[in-house]
């Protein structure tokens, strides 16, 4: 098992026009951690996702889709007392997407330490995000338990800060995420998210994290990504692309980054792969639907209008 | 104002195939009381619907759609602290529809007496259903408050028992609905629902209700409807049709029945109109989308294959 | 050239749901005469259709579609001063279709004698319907001119009475259609349409037409068709099918009947083929889209659930 | 009542591909004046639209849609003798849209003074466009009558010149629009349209209009808008956006401008709001479907790829 | 492992209208053996499918879909030298479906003994059909090899005769299928298919098979199924349903039958479950999409118009 | 007859999303030669296409579509022993299209000299491409036979090199295409394709071709096109457009170029028309669907956001 991750995966509804005008929805699944698991599986790594879904059709959709993508869902629990969460997307303007959650009281938000602390996997990496702790106390405890499991099995811990302002305040997020970051090996954040972990410029915050035992801090925005390690700082510019749907870019980036780690790539090559997988995410519709197989990685960078015939 | 009604109206999602296979959804609104209000408005009556919706796009969809159908939504309250409820339909087999609610904690289920007790309308009829009291204590109180308002303004009270087994037990329903029925002028029920109000055959239960002050008890199934009044019992068979989508049949029936009441039709004619509007509901997709305008009532009964050219 | 026909062909819009709710439309073409021409072409006969279309995209759609079906459209005139007509269909109930015309002032309704009187074809049959004369005086004259052309070239004349109550009154129809029928060789009508040509039972009206020189009178309803000729009367029951879309049934019937005539079938076999082609029309969506090729005629009558594998 | 407007609203059909290839249509409504009324209603103003529709389903679509958007349609007249007009759009190239009208003889084009001269509203602004007078003499008279009503009720008059070359010549337009402009308080035009009202550069034409009693002349193109008033000239550049569908841009601009007037904004702020609402129109599909609610105005200008979560 | 099966699975294209008119396609997968595997997996059994697919997207679709349904595809081979086969369905008439194969030279038809003879599974049942041997010599040998493997691992062999007239003649089929049937434990056939195995009435052919060592012969048509065993003959009538799409009925029947075998049901109960699963197949679109989970088996037989709320 | 061409035309399936995720397909036809024939027909020239199709529905789709576009298909042969070929397109990234052929053993690839050597047409130009010879020996011979026919009827020969790396190697292509080019009057190629015909810069290769008897060599890429003739070299830049779908650009270019030749335009004007028709191809979906009629040629170059009203 290369990577184990846990969190909430929801039924994702994408409006085909304005919701208020009665436009319909296409259906998929979404969840930062499950997106990363799919991205890794498509690149040929083995990945498991743990979490709770309802016994409703949406829950079957979640596990069916992850299973289809080769993600190990044997540890998923079905909770007959709560519905699977729903996330709705409406592209209000070409560059502005409105997101609504129907996840309060969802099965996924009932994740608890018992769901993860005895998982039978021996992963090389455990990946968590800052979304799960925002879903409630039992979720917060579950993430802590998962990191404990990682330590006990000598797995590295990867943390994507992933701040969601609709779920909690910056203060609450900072309080919960600081200890998680301190205990992680790899911390991935936007500049704005990194600021949850301290004051000062990114390089100062990163330096403090490295001092505290973190192996690598990755800070990225749409234009470039920077890796801070004990060996120094490396910056790699992103591919210049015309985004089709920017949702999922961060999860694609993380999948590419972790894939690079697993393949033993150096910091620059890891960031390049992260950018490439992120570019696939923004050049295709959906959070994860367009993520690349390994044999597709070199499609980014083909001449314009290329027909593979 | 002919009819005032209140309850929960939700965004309705109809799966275009199996949800678990990732089929999309078409969107509309649903709610027993709002369905009846639309049915009445289409028949030329004036109707208002009261209730709560969220400040989300789904809430705008609800009020926009009711407004489009000419239903007075000036009394609708927007609740910024809870989402608009969602109901999902999946036609599992031609004759079997699976229904899932995402209405726990919804704005609509926060309806409370304050929302209805000072409504400015002077309706001839106030219509309530047995669904609203099943949504929680404040909803139950709101229905009671609405019936009080009806009495104080000399409006007749119409009650559709509408038992929903997924929302509460038969015992709980019986306890809450019995006093409502006792205070109503018109009680509409399936035989199974009527049994919530007492033991024995339908005619005995109806007789007891009439004795207690109810003006008319209507009992209907797919085949026929029967009106019990002090003037006697009348039975009218339903139209023999090949259903396309049986959801909404009951609400259409009620809209036709109340329309007959408002037009001063006699009991048989009322039931005939009820059957006709119900037939429109089952012959078209959606809860209310196919309900007839007044000038369309006679389309039921045209020769097969009729082209109106 | 086996058959020449003329009339108005329109862009046909079929609503995918209630028009008033903003449902979209699928697009095709429609026109009784062009439907017959397509039906004949599919069965392997040569057919030409004459008429006027606008220079708009809808006009191109009409000629493009007829050309696709192998109908000769070399005689079609493009009229830059009027739009191509539009017909809208809304299936209001499974058995009731609402039809609206936007054909007032259309290019097609400007058909005039000059459009048809010098056509270069040498058809075996000229087919006209009672719809064209209803579109205006110049159309009426055009039909008369076409029948004159038929006579002058020794073509048989086939007339489908096709009464459209929305276009004219029974009185106006009767006055215009009587002389057309009197001059035709084959008159096809429903019992109700036949009554435009005289009083009394169908057999009396048919007898008078035969006396006046008509070769064959065909009277059909959904259940059976009857042929009246000097050789006697023959009745053939229709296929018992469960209609999907009854629009176009009559035109399919006529195409099958004329195909039988062209193939030299006897009266009973002609009616059988007419019923078969009509059955294809009602078992498929659209006026003409499902009409059979010759090698498909025997698909009617296969065992239920047949898979051609 | 903030704004009263009148004109023709049609069923709008948008081809999903080339019409001649048989592509289908999505359905909505269109009309410059009704678009403005919707835009105002969405921004929280009260607006009424007057006009004629047929008694057909398309007519119900028009009033249903306007009612859904909160536009007062109580003054709309249904004309049983003519169909509701239809406008078809085909996007021939990304930047080129083909428009076809089926509005000759439409109910909407039968608007007459009697339809508007006794309207019960007390609007602050009456808004008219140069399209309505192009539809025929009775329409021209109706616009004149509406301006008279405005004067008699102390409402300001807003005129969007809106020249439609397919409906009349520049000469005819100039003759009809000059007196309307002279009597208006606010005249809105493109440079090309302004030239209908006189020769010379825009500033000269504007100066002459101001001299004649017009309060403000607004001249706009895709790049900027300029306001000429007695207080001087102000120029505000448009938002730089990548248009999705430029149809409806002008009506959005007018709705924003009138909204600014009603809110008492100064000239620059009015033009800014006009540009913002116009930007919503071009960044979304449809004439009016994407127009903003008041709480959405600041979505223009968010960072790229913003997800409102 | 409960059941192991092997054969060809193809990309299935279902035309949404007449192919010749340019109607589009929906996409799924199809294959008699993979349909059975899905049906078993949905009922809670473990099933593996072996076969070859191309390295093209269609091949990924096949394995992704089977994986999504929980079928073990670890033994599937990807063949980079041939495309995944395609099957096209066009519903020509409500009761007549046209099927076209693009499977000549497909990866699936290159199945060979080496693909199956060393499979690591220990199945209780090995299921094969009469389709695979029709695809070519190497396929025929592969089926033989698979039956040998079954014997060597003490698995029962189930054979669905499944004659496809488009793939081979009755004579060729009879020659190839007779030895397979003789070596099977359970033989399933229509009366017409059973006649491939001998002359005389079904009971005689069945008796000879039982004499030769077959444990059970099941003969079914749309109306009933009959089980012949040493213990006697049992007949169970099919559910009376109104078919939506009869393709896949046989595979559903087999899945239900094998499920009954695995659950240790008696012959009558096995046939009842077979009929029930078959009824799901014909009451839903697609070959396998509507097959039931175990908790859905009792949906067949609910009262008409049942809403599970 | 202006132009005669021959080759393989296939059913074209365009995935509406990722094929592996089960996205559906839209349907059309494709084939370099038939695309050119359609382009010419739309511009008002007469064109015939020769080739083989199956007797399946896809074959009817091919001839029906070409017939609809006015292309003469009277010489098309139906081959009952092989299926019509299929080409699938999946837009993997906005700029990268994946193409898969199901054309091995197709009817179209069985084209042979006998299919073309006695065609009854008297074309001014015979157009062939480098795709057909790549399909097999009989196809190669058929192209040779067609060029012989051209010579014998004094038609000019136009050759579009059109190298398809998936069908053959550069070496095989070079060997087969060199003699074809040497015998052609007009050779059209990309720089890369031209290099199949010799070494050195394009101008050297072109010079050698002109020396050998070729009248004109046209070399084009996305930015510009260059014509080499005995009269000198002319370069015309392409329209600067934002491509929607680059497939079909080359065929549109050729259609425009041949149209210019037929109209007697000079070299620069020919290239301009070629670029214009090519621009239509890349600005619209599909290979040929958006190609212009003659009255549409000037739509390229209209101001942005033009509405033709």
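Labels for the chains are A, B, C, D, E and F, by order of writing; each one numbers its residues from 1.
Note that a residue touches a chain if its C-beta (ideal position, glycine included) is under 8 Å from a C-beta of that chain, and two chains touch if they have at least 3 such contacts.
Chain by chain, the UniProt names read as follows: A, B, C, D, E, F = Sugar kinase.
Keep in mind it's a predicted model, so treat the numbers as computed, not measured.
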Furthest chain, CA centroid comparison against chain C: A
Farthest chain relative to chain D (centres taken as mean CA coordinates): E
Please tell me whether the contact surfaces of chain B and chain C are same or different in residue numbering, using the over-half criterion. different
What angle of turn lays chain A on top of chain F when you fit their CA atoms, given in steps of 5 degrees? 120
Chain pair repeating A-E, as identified from A-F, B-D or B-C when over half of the contact pairs by residue number coincide: B-D
Could you work out how far the Cα centre of chain A sits from that of chain D, in whole Å? 46
State, to the nearest whole Å, the distance from the C-alpha centre of chain A to the C-alpha centre of chain B. 44
Two-or-more-chain contact residues of chain E, please, as numbers and ranges. 18, 21-22, 64-65, 98
How about chain A: which of its residues touch chain F in the complex? 242, 244, 280, 283-285, 289-290, 296, 299-300, 302, 304-309
Chain D partner, complex, touching residues on chain A are 17-18, 21, 92-99, 101, 164-166, 222, 243, 246-247, 249, 282
Listed in rising order, chain B residues that touch chain A in their complex are 11, 13, 16, 18-28, 56-58, 60-61, 64-65, 83, 86, 90, 98, 100, 102, 104-105
Any idea which chain B residues touch chain D in the complex? 64-65, 67-70
